[in-house]
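In what follows, subunit A forms one complex with subunit B and a second complex with subunit C.
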Partner chain A sequence: MSELWVELEINNRKIARKTQAHKRLLDFLRDDLHLTGSKEGCGAGECGTCSVFVDGRLVKSCLMPVAKASGCKVETIEGLAAPGQLTTIQQAFHKTGASQCGYCIPGMVMAATSALRQNPQAGIEEIKERLGGNICRCTGYTKIFEAVELARAVIAGDQSEDVLAEEPVGKSYIGHNQRRIDAPARLSGRLKYAADIRMTDMLQMQVLRSPHAHARIVSIDTSEAEAMAGVAGVITSEDVPGTDGFGVFVHDQPVMARGKVRHVGEAVAAVAAEDLITARQALAKINVVYEELPGVFDPEEAMQPGAVVLHDYAADNIVKHIPLRKGDVAAGFAEADIILEENFSTQQVEHAYLEPEAGIAYVDADDVVVVISPSQNITHHRQMLSRILDRPINKVRCIMSPVGGGFGGKEDMLYQGMLALAAMKTHRPVQLVFTREESIVASAKRHPSRVRYKMGLKRNGQILAIRFSMISDGGAYGMSSEGVMRKAAILSCGPYEVANLCVDTTAVYTNNTPSGAFRTFGGMQAQFATESMMDIAAEALEIDPFEIRRVNMMLPGSKTHTQQELNSASLDRVLEAAEAASRWETGAPHMRGATRSDLGGADTRAPCTLGARFAGGRPGADGKERVW
Partner chain B sequence: MERKLRGRGVAASWYGIARTATIDRAGAWAELDDGGTAKIVTGVTEIGEGILTLLAQVAADALGIKPSDVTIGDNDTARSPEAAHAGATRQTYMIGNAVTLACREAKMALFEQIATHWSVDIDCLLAFDGELQARGHNLRMTMEEAVATCKAHGVVPVGSASFTAHGTGLDPVDGSGSPWQAYVFGAQVAEVEVDTYTGEVQVLGIWAVHDVGRAINPRGVEGQIEGGVVQGLGQALMEEYQTVDGHPVTPGFAKYILPTALDIPQINCTIIEDPDPLSPLGAKGIGEPALVPTAPAIMNAIYDAIGVRMTSLPATPEKILQALQDKTPGRGRDVRTARDEGAQSQELAQRRGAL
Partner chain C sequence: MLTCDNYHLPITLQDALVLWAAAPEGSRLVAGATDLLPWAREGRAGEVHIPALVDLSRVAELHGYTTAKGRVRLGANTVWQAFLTDSALRRLLPCMPHCSSWFADDQIREQATLAGNLANASPVADGTPPVAALNGVLELAHLEGDTIVARTVAVSDFVLGPGRTVLEPGEIITAVTLDSASGYGGSFQKVGQRRSLVISVACCAALVKTDNTGCVFEDVRLSLGGVGPRPIRLNRLESALRGERISHGLIDRAAHMAAAEVASRSRQQYRRSVVVSFVGAAIRDALADQSDVVVNFQDTEETASV
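Coming up: the complex of A and B.
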């Protein structure tokens, strides 16, 4: 690897040292200087988690070769405030609750700082535009906007610094807007996520992934990779000492492909090497011979007789079917004044947490295999790893590192087994950090759904019967599919008491990217269909959308779709509050937007026209340098 | 037809709290420590939602100290009691209640010693914000002094607890059962503007009303609602992971489109507090339920604006234009003509590239 001498100023300190020529500024900051406050979220300049200032200009450090930064003045999140201190902007983020998982936050603070340095009087529209290159997946941005406006007011002297302080407590800490106790570490970039941790003698792991959606593995030859200088070990499914299989409900997924691959991106082998580059080069030396198999990519096709079978245990490709039956559906439809039918579909959705998967494993002095990762379920991961590694459960230890966004996507186990195996094989700490592309191709998604809906109602809007059928693509492995189907079924027909219903939810194996746990666990797919049907019915029956929901809503004592009697239910209060808060104009939902009088209130934003928001000419055109 | 049309829609929702159709459980340990501080240990915590802060508030309230004096040790299967997992909208409910119960036990251990020390009835002791008093007596001490007094009696004030939520499995034939003991309800209204030339939908306002049980940290609840709404908006309008014969064609954020600062509606939150009758805290949860009604509220608003029913998510500009064309035969030609006429507009010219 060719080397390079760089001299630059970082956070007001002169740095002069040798580095590798291929490095980006981000790599230099993180790997050479251990300034890990700048995060890698995408490596392609799209998410902004790596934002720094170079000669006063906001730059995505993943896009800048370190050679280009030589001779420049660089400012990172670590340099904004003195150690243990926070800038006004960071304090405002703390006050408003603008930091949740915190992974995007160093970059977001840099962008906010840039915005107010460029224009200390920036209005909300300009602030939004200037934050437009930074993605946050947790907060919905709203508290971030509030923080930047608060900081602007304090910096301008319009508000005193007291507004940034903790609110005084009343009679109880329950109901108190306590500022987040862990936010300062996130706001200053001090918090170490799994990819930020360095251990002595640590190896880097890289994973060889399947290029095929469905193929038999004829052979895997790792000898050439293992012989490479700098390679400490190569692992395949052959290295699994225990029972190879994980999953939340059915243990159908091997740690690495065993005998065949079932989706593009499935792990096939992994290399642990002295450094990342060597590990990547070694992957190319692993020779895998595949025999491609026909694949099935549509869940309804996968359910047909004669379809390609993914798993021997499930000849019909059904992961799970959940039925609900309540009352007499035929009698309900017979009594109905109106019967409505519609089909709905929802897409596969990526969690897009800003922190790609990462982890470290090592074997400690007591012979305990320790896995550190941003896992949402260390309890279950430990149980599964104990079986996979064939070790007593107290010889496996899972530690949850700070989670840079999860949303269910870090609940299903994925790579922890590979890390543990490599640590056991090499007896050295091993670290694995996914790229964004790897995270997207290898991690589970929200279940896509197809719903067939039939609803029968009386003229007054009362629902008499529902037939609800949902088919969902579970992808190549079971993961959380069974639970997702169960929750979708239980919640399917919405917060309404329905006397007669017939609900079926079914998840199906295909050779697509697996679907798994994702915030709402099937609940939103099902209720999207139901809530659309409620409006379709309201229009057909000339009833206001709130009213038709009130006619059917669950109350204390109602029997749910699973025939559970509710001990409390608050939907009446919720609907009343929503109607009042939104100043809702009553009426049946016939395309009445043009005549509504409740639109465009002070509680809405202005529509956005891209690029039109900078108030006066070129941003920062006054040429003044501002630092705070 | 006007180019830009607005409309509004509403959707309601419900959700169950904690793990589904099973007995859920969580454990916690508590210790009142030197200086009137506290150590809380539990198995699983922060994934960004603010649970560490919430647990500090809950512990402070139960112990009579300040949240800043609470140290939370967590996240380690070899060092902390099981608290299962960080998901299923269960942390406030399961772990919050486990911590509450553990803290109550630790505080009672302390109160027993202080009642003896002061020769007062234990029921008259009250601790809040770092100070302990005996109501009806002129007796006060700091919690720092109280812990020292307790330890001088030979007692380390510790507590532990397990909290259970009694869900049952579903019948395999008719699905009957009681999957959760606590439910929350919500409703959201969306206001949208649809550009009938480009098919682009902008969400201008969301009114989000959610029952969360007792709101331990209202600002944190708002943060969860706002984040949920924006994930719902992304799913409603732009996000789509696509594969062709199993091969991903949206492998990065250039192809997989996420909501940014410019897509965000004004989000108006209203918190409804209907306390849970079955748990000591009375809190329920908000993490997942917040995004359930967003997409259908937006689709209902699009219908209100332009009279087309979007049944397939996401409602991309392409699908909106197609639906408008299907609704009005011959309209496709009109739209194209209109676009050509509008080409002198710089903004429209920019957008044509995107189309």
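Coming up: the complex of A and C.
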């Protein structure tokens, strides 16, 4: 690998050193200079977590070969403010609560800084456009835009700096705009996520993944990879000392594929090496012989007799079936004035947290296996690892690194076992950082679902009976599926009191990417069906959609679908607030008047349009130079 | 992941051409690297080892632009952001700022070059339609002995198909020359999966010039991207408009003619309906973009009949 001499100025300090010629500016900053405030969220210029200034222009450092920066002045998040201080923009982000998980925040602060440097008077549309290259998955952007507008006002002197200060707490924190205490660490780029941590003597791990959806592993030959200079260890399922299997409810997932692979992207082997490139090159030297098996990719097909079976323990491919019964459904339908039947389906969804999975494992001097990762469930991971590694629980330690976005996706264990095994095999710290592509291929997704719905109602809108049947694609492993099915069943028919219901939710094994936890945990799929049914019913019965919900809403004393008696309920107030806020025009769904009063008000957000910069005048037409 | 044996940063065209001519097979030229680096990732080219990368961004002869004889000559290092930030370029090339504002984002535009966009020859590149509308010509250079030899190729002939161009081994794009279209109104329409950071499914560039009463189309230039392997100039449509009295009805009729041009293999029906509304919108936006002229439609949008 050839080397390159680079001389440049970073945050007003001269840097001169040798680096590898292929490196990107981002690698140079993070790996050579340990300036880890700039993050790698995608490596393809899409997300903006790596934005830095080069000679005053904001660029994505993942798309810039380091050679291009030589001789330039580079400014990173670390250089914006003096140590321990925050710029006005950073303070505004702190004030408005713009930083949540924080992973996008260094890049977002850079983009905001660039926007206001380019045009200190930028209006909100222009701000949105100039931040268009930076993705945030937590905030929905509102608080970020608020922060940039606040900073603009303070910088321009339109508002005093006092507006950035902490607001005194009155009697209660509730309803109080409290600044987050963990925000400055994120805003300054100082917070270390798992991929930012460096340990002495640390190895880099890379994972060989299955190209097949369903295949028997005939053999794995790692000898050539093992023999490579710089390779410290190769692991496969053979290296698991304890009981190999994890999952939230059923322990059906091996740390690495054992005997067969069940989905594309399943881990088969992993290499720990002195550096990333060696680890990647070693993957190519592992020889896996597969015998392809027929796969099943549709949950309803997987439920048919004679379908391909994924797991020996589940001949019917059922991960979990949750039945829920209340009242007498047949009697309810018999009394109904109207019966509606519809089918609904929802798709697989990726969490796309900006921090791809990452972690470090090492064996400490007391023989404790330590795993650092952004896990949303370290206690459970620790228990599972103890069995997998065959170590007493006090010899396994899980440390939760800051989670750069999880949304449930970092709840299910995934790669922590591999890290632990590699650390035990090499007795050196081992780090694994997923690429974005790897994260998308290998991590659990939201369950795709199909719901068959039958609803019987009286003419006044009262629901008499519901039959709700949901089939969910659980993918290749159980993960959180059982919990998701339980939650989907519990929430199935919404916050409405229904005397007679028959609910079934079923997760099914297929050779698709495993489904797991994702915020709402099955509730979203169920509510999509139920709330759509409510609107369809309102239309069929010519009732106002709010009204039909009021007729059926749970009240104190109502019995839930699982027959729990409620002693408080708030849907009445929620509906009232939603009706007012949406400027709802009363009437059945198809009874709308000639003009819509609910659109375009002060509290609605217009879609982003491009070209806000043109609004200040036609290009060149006024003859005056504007900042573009 | 991209690795290389050598990364060169020549500062003269001569040096660049020497390095490029001598570069081992499989070597690549680098401009902004915004196509190159994402290409070398999983799911696309994956692990890529390149013998030599010849980075053109420091080559002095490829910087900046000049104007002469009704043409603008853009050095190959001209980046997309320049079409927004340089007031002279905005005036001379009225469709380029609109295209640029739809192109990637502010940050990528600081790196990404027009020449790299054309050389990459993606059927959905945003650069080809406006360049075609501006009668773009590429200047290509190579070495014969020690002498730099240049040739020119019209953009419509430059792209052969997806990822394929007429560039010969050892050849470098040195400039893109375009009609100077001062006084024209320009526009660009684009549809993709999102608004920011998105590759087009289809796009359309327009340039329009009216007489100074705003009644007659003096010149109309229209081209489409994403609807076939190469950019398409809508010649038939342009002549149907040139010299005609401006009316909504005429614009609508002309727009419908564009559907026939859609040749892409996928989503043809969708692209056809998009293209018809794009062409109509592109003409109207370009009319509105003309400075100092108020357009005088013969009819109103409501009364126009197709």
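The rule is short, and it goes like this: the second predicted complex is superposed on the first by the 598 of 628 C-alpha atoms of A that agree within 3 Å, B and C clash if a C-alpha of one lies under 4 Å from a C-alpha of the other, contacts with A are read in each partner's own complex, and residues count from 1 in each chain.
Throughout what follows, a contact is a pair of C-beta atoms (placed from the backbone, for glycine too) under 8 Å apart; a residue touches a chain by one contact, two chains touch by 3 or more.
Just so we're clear, the structure is a prediction, and the values are computed from it rather than from any experiment.
For subunit A, the partner that touches more of its residues is B, with subunit B and subunit C as the two candidates. In the superposition on chain A, A:G600 makes contact with subunit B only, while subunit C stays out of contact range. After overlaying the two complexes on the shared chain, residue contacts for A:G175 are found with subunit B alone; subunit C is out of touch.
Of the two partner chains, both subunit B and subunit C are touched by A:E46.
When both complexes are overlaid on chain A, the residue A:G132 reaches subunit B and subunit C alike. Contacts of A:C62 after superposition on the shared chain: subunit C is touched, whereas subunit B is not. In the overlay built on the shared chain, the residue A:S2 is in contact with subunit C alone; subunit B does not reach it. In the superposed model, A:G406 makes contact with subunit B only, not with subunit C.
Within the superposed three-chain model, A:K260 lies out of touch with both subunit B and subunit C [touch as defined at top]. Judged by the touch definition given at the top, the superposed model places A:I277 against subunit C, while subunit B stays out of reach. Subunit A uses residues 44, 46, 129, 132-133, 437, 607-610 to touch subunit B in one structure and subunit C in the other. Taken together, the subunit A residues at the contact with subunit C in this complex read 1-2, 4, 21-22, 24, 43-46, 48, 51, 57-60, 62-65, 67-68, 70, 111, 114, 129-130, 132-133, 277, 280, 284, 435, 437-438, 607-611, 613-614, 618-621, 625, 628. Within the complex formed with subunit A, the subunit C residues making contact are 1-7, 9, 30, 32-34, 37-38, 41-43, 47, 53, 55, 57, 81, 84-85, 87-88, 90-91, 94, 97-98, 101-102, 104-108, 110-111, 195-197, 289, 291-292.
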